[in-house]
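The structure follows.
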Amino acid sequence: MTLPSMASARLPAEGASRRNLALLAALFGALVIAPWVVNDYLITVLILILYLAYTGQAWNIMMGFAGQLSLGHALYAGLGAYIAAVLFKQFGIAPWLGFLAALPVAAAAGAIIGFLAFRFGVAGVYFAILTIAFAEFARIGFDHLSVVNASAGLFLPVTQHGYNDLWNLRGGPTMFYYVILAATMLAFILCRGLLNSRIGYFWLAIREDEQAARAAGIDTFRYKMYAVMISAAVTSFAGVFYAFYYNNLFPEQVFSISRSIEMILGPIIGGVGTLFGPILGAFVLTGLAETLNSAMVAFGVDLPGAKQVLYGICLLLVVMALPSGIWPWLSRRLGLTDGSR
Amino acid sequence: MTRKSRSNSARVSRRSFSAGIGAAGLVAGMAPFSIARAQSGPLKVGVLLPRSGFEAGIGQDCQRGVDIAAPILKSLGLPELAIVNGDTESSVETARSRAAQMISDGAQLLIGAFDSGQTTAIAQVAEQNGIPLVINIAAAPEITDQGYKFVFRNFPTAKMILGDAFENQKQVFNLVGAAPKTVVFMHVNDTFGTAMAKGINFVMPKFNMPYTIADEIAYDPAARDLSVEVAKAKASNPDALLLVSRLNDAMLLTRELVKQRWTPQAILSMGPGWYEDQYLKTLGKLSDGPLSFVPWYDPNKPLSKKLEAALAAAYPGINLNTNHVFTFEALLVAADAYKRAGSADPKALADAIRATNITDNVSIGPGIQFDGTGQNAKVKDGAVQNRGGKIVVLSPPDAANAKPEWPLASYQSRT
Amino acid sequence: MPFDVYLNVAVAGILTGLVYGLMALGLSVIFGVVRVVNFAHGEMMSIAMYLAVVLFSGFHLDPLIMLVPIAAVMFVFGYALQAGVINPFITRPEHSQFLLLVALAIIIVNVLLIIFGPDARTIQTSYAYDSFQIGRLIVDASKLYAGGAAILFAVLLFAFFRYTLVGKAVRACADNYTGALVVGLNVNRLYALTFGIGAACVGAAGVMMTLIVDVTPIIGPTYTLLAFVIVITGGLGSMLGALVGGILIGLTEAFAGLLFTPSAKSMFAFGILVLVLLFRPQGILGKRTA
C-alpha cells in the first residue's frame, strides 16, 4: 500500500496563523448571517453543503488521520437515522436523546468492524471492501426489518407549527441550517483538537508507517480502534439530522453505496488528512453540481444525465491535476495553513 | 409559516451573493421564470420527475404526459401553463433542492414526482412555502396523512390499489366463470412492492377471494436473474401468479416461465411492468395474456380518446399508460384550478384545487375531487389485459372495452 | 421441495457463476498485476453489453460470434485508459484511485444513459427461450452457451499467461515489480497490456451476460461489487480462483434464494466475503503473499 503524498509539512508561521484565524472567522461569520441574506433555495443548498462537510470531516478522522479507507460509512449514518427515527415515531423521544442512544450503537458497529479488520490483519483495499460488505448487510437487513417498515420506508410524522421546535427538530429550513452549521463547527473544533493531541500524533505515525509506529511502542490496534469508533459516532449524528430533515428513510437509499461514495468525494477532492479539506471539498462539489444545473437550465439544455457527465469530467480533472486535493494546493498558493500535516 | 416576500432587487443581490457561495460562481443568467406580480398570463408550473438515475425510464415516460398536454388543455378552454421541467435524479436530496430552486425562481405550482420518498421531500418544501403540489404518482399513504394544506394527490394509495385490485379480480373471475384456487404471491422488495405486501394481509380478508396464497416470494429489485424465484414458485404448484413487480422483473419473470416450461392459469399483476411498451415490444407474442389491476384510463371517456390521439401523434407506437395519464391529469388539475381561482396566488390556487370537481377526465372513476386530506379518494383502478401489443380494459364495466381471455395461452405453444 | 428443483437451481447457479467468474477474472488480472482498484469494472462491462446490443440490432450476428471483435475493442479501450489516464495513479493512494475510477464510472453510466436512454435493452437470439430437458433437469440454453463460452475464454486466457512470452512477462510484473524492471521489461507497456486484457475479459463476459440479462445504463455498480466479492473470495492472482469464486457465489445466491428469502440472497455472498476476509484473506485458491 502506498503512502498518501503530503503537502510540504511546515510549522505555521505566526503571521499565517493570524491570517488563518481571520479568514476562518470571516467564513463562519458569513455562514452565520447567510439565512438573512439568501433565499430558501440557497439555504437548502447550504444545508447540503454543510451536511457533506460534516460527514466528510467525520470520515476524514478515520481516513485522513488514521489512514483507514472506509467505503461503507453510510452504515453509521443509517444507524443514527433509523434509531433516532424509530425512537421518535414509536415513543416520541426527541432526536437529541435519540442521538445519545444511537451514538453507542454506531460506535459499537465501528468497533466490530475495526476489531474484525485489525485483529485479522485486513487492511487497505480489503478493509475498504469489508466496510462495503457491512454497509450492504445493513441495507439488506433493514430492507427486511419490519420495525423500521422494511423497504416500504419509514415516514416521520411532520407537524406544521409555524414555529421552530428545536427539541424535536420540527421546523423550517433555517432551523436545520443552524443545527448543521453548529454541528460542522463543532466537528471542526473536535478534529482540530484531536489532531493536536497525543492521539493525533499517534494517528499520524500509524498513517505514515504502521510498522514503525508499532516498533516505537504505539499500541496501533487501540488507536486505530479509537479512530474508527470516533469517526462512526460522529457520523451517526449526520444520520439523525438526515432523518429529521427529510422525514423519510428507505434502507435502499440510506445504506446505499452511492451514499457512502457521496460522503467521501468531498474530503478526497478537498484534501484527505487536512482540516479544511472536507469543508472546502463540500463547497466545491455542491457548488459545482448546482452551478452545472443552473447553467443547463439557463441555456435551456434539457438532457437528463448531461449534468452528471460534466460533473464526472470535473471530478476527473481535479483528481488528475491535484492529487492531494484542492486545499493543499490552495493553501500553498495563499500562504495559509490549517494546522494539519 | 409565512412566505418571505420577494422583490426583484432583493433577488438580484441574493443571486450575486450566491455567486460567491457557490465557489465556481453561479450562472446569473436568465431565470426560467421572471418574478412578476402580474397574475394574468400563464401559470408557472414546475414539473419534477426522476429523469436520470435508477428511475429514469419511468420519469421519462411520465414526461411524455407533460409534453403532449398543452394543445389538449387549450382545446378544453383552459388557461396556459408555463412549464419548467426538473430532474430529481432519482434522489431525495436533489428533489428537495430542485423544488426549493423552482419556488425561488417563481414557480406557482409544483407537480411530481412518482417516487414516494422524493415526493415527500418536495411536499415538505411546498407546504413550508405555501406553494401547491399536485402529486401525479406516488402510492405511500403517509404523504396525505400529514395534515398538509397544500399537497394534493390524484392517485390511489397502496391500500386503495389493493382493494380495487381484488374487486376487479372478482369481476374478471365472474366474467370468465373461473377462478384460481391457489396463488403464489411474488413481489419486488422495494417501496411499492413491500407496501402492497404489507397491505395484503389487511385488505384481502375483506374481499373473500376465491384463492389462498400458497407462498410469498420477495425478490430483490436489482435482481438480474429470477430463475430461482420462478423455480420456487413453480414448486408450490399454484394455479396463478399474483404479482407486484416492475418492468425489468416482469420481462425476466416471463422469460423464466418460458424457459422453465410453466404457464400458470393467469398472471394477476397489481403493479407496473406487465403492460408497459417495452414489455410488449420485447416479448412480442409472449406478452399476450397477463392481467394488470392498476390505476388506468377509461377508454370510453372523450378526453381519453383525445389523449390517446395526441400521444399517438407525438410518440407513435407508444401505448397510453398510467404514467402519461396521471401526469397529464395533474396538469389538468392545475389548469382547471387556475381558471377557477382567477389568480396565481398560491393560497387561492390551493383553495381552488381543494374545490376541484372535474368529471371530464381521463382516469377511471367518477372524476377528480379531493377530500379534506388532499387525497382523491374516488379514483378507481381498472383491470387491463395485454392483447396483440395493445392494452384492453376489462373492468369496471363502464370502462370496459373488451372481454377477458382466460386462461393464459401456453407459452410453449407461442414460441 | 422436489429434488429436481434443487438440481435445476444448482445447474443454473453454476452456469451463471461461470459468467460472473469470467467478469471477475478481468478484475483479478487488473488488480493482481496493475494493482489498481478498478471501481469502474462493472461499468466497463456495461459498455461491452451495449456494444453487443448495438451490433446485434445492426448486423444480427449472434453475440457469441461478436465476442471476439467486442473483446478486441474493449482491449483497445482498456489499453488506452490505462496508458492515458490511469497510469499516474498506480503509485497513488487507494482513495485517489478510487475517486478516479468513480469519476469514470459516473461518466460512463450517464453517457450510456444519454445515448441509449433508460429503457432496458435485450438481445433476442433465436435460442433465447430454448431450454434443454434431460429427464427432470431443465437447462436454460442461453445460460449453457454463456457458461461454456466462459470456460473456453478462461482456458485460452490461462494458456496465454502460462505459455506465451508476453503472458509470462505480465506475470513477472505481478510477482515482482522491481525484478521485472531489473530484467528490462517495459513495465508501463505491460501494465497497459494487462489492463487491456482485463478489459477484454470483462468485455467477453459482458457479451455473454447479454444472453442472460437485460442491459440498462445503471447495472454497472452491482457487477463491480460482485466482481470484488468474487475476486477476494476466490483469491487474488489466481485465475482458477476467480472462476471458482464465481461458481461459489452463483451457487450461494441460488440456494440462498431457494431456501430463504430471495430478496436477501446477496447477504450470503457478503457473509462469505467477510468470512474469507477474516479467516483466509488470500482467498480460496490464492497464494499467501510473503
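Labels A, B and C are assigned to the chains in the order they are written; within every chain, residues are numbered from 1.
The definition used in the following text is that a residue touches a chain if its C-beta (ideal position, glycine included) is under 8 Å from a C-beta of that chain, and two chains touch if they have at least 3 such contacts.
The structure displayed is predicted, hence computed values, not measured ones.
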Greatest separation from subunit A - chain, by CA centre: B
Chain pair with more C-beta contacts, B-C versus A-B: A-B
Rounded Å distance, subunit A centre to subunit C centre (Cα mean): 32
Centre distance in Å when subunit B and subunit C are each reduced to the mean of their C-alpha atoms: 37
Subunit C, residues touching no fewer than two other chains: 110, 113, 217, 261, 263, 266
Shared-contact residues (touching 2 or more other chains) in subunit A: 143-144, 304-305, 308
Multi-partner residues of subunit B (each touching 2 or more other chains): 52, 56, 59-60, 189
Residue numbers on subunit B that touch subunit C, as the complex places them: 52-54, 56-57, 59-60, 189, 217-220, 222-229, 231-232, 234-235, 247-248, 251-252, 255, 258-261, 278, 282, 286, 415
Subunit C - residues contacting subunit B, complex: 1-2, 5, 8-9, 12-13, 16, 110, 113, 117-120, 122, 124, 128-131, 133, 138, 140-141, 212-214, 216-219, 222, 253-254, 257-258, 261-263, 265-266
Touch list for subunit A against partner subunit B, complex: 34, 37-46, 48, 143-144, 149-153, 155, 157-160, 162, 172-173, 246-248, 250, 252-253, 283-284, 286-288, 290-291, 293-295, 297-299, 302, 304-305, 307-308
Residue numbers on subunit A that touch subunit C, as the complex places them: 1-5, 63, 69, 71, 116, 120-122, 124-126, 128-130, 132-134, 136-137, 140-141, 143-144, 257-258, 261, 264-265, 268-269, 272, 303-306, 308-309, 311-313, 315-316, 319-320, 323
Residues on subunit C engaged by subunit A in the complex (per definition of touch): 31, 37, 85, 88, 91-96, 98-100, 102-107, 109-111, 113-114, 217, 221, 225, 228-229, 232, 261, 263-264, 266-267, 270-271, 273-274, 277-279, 281
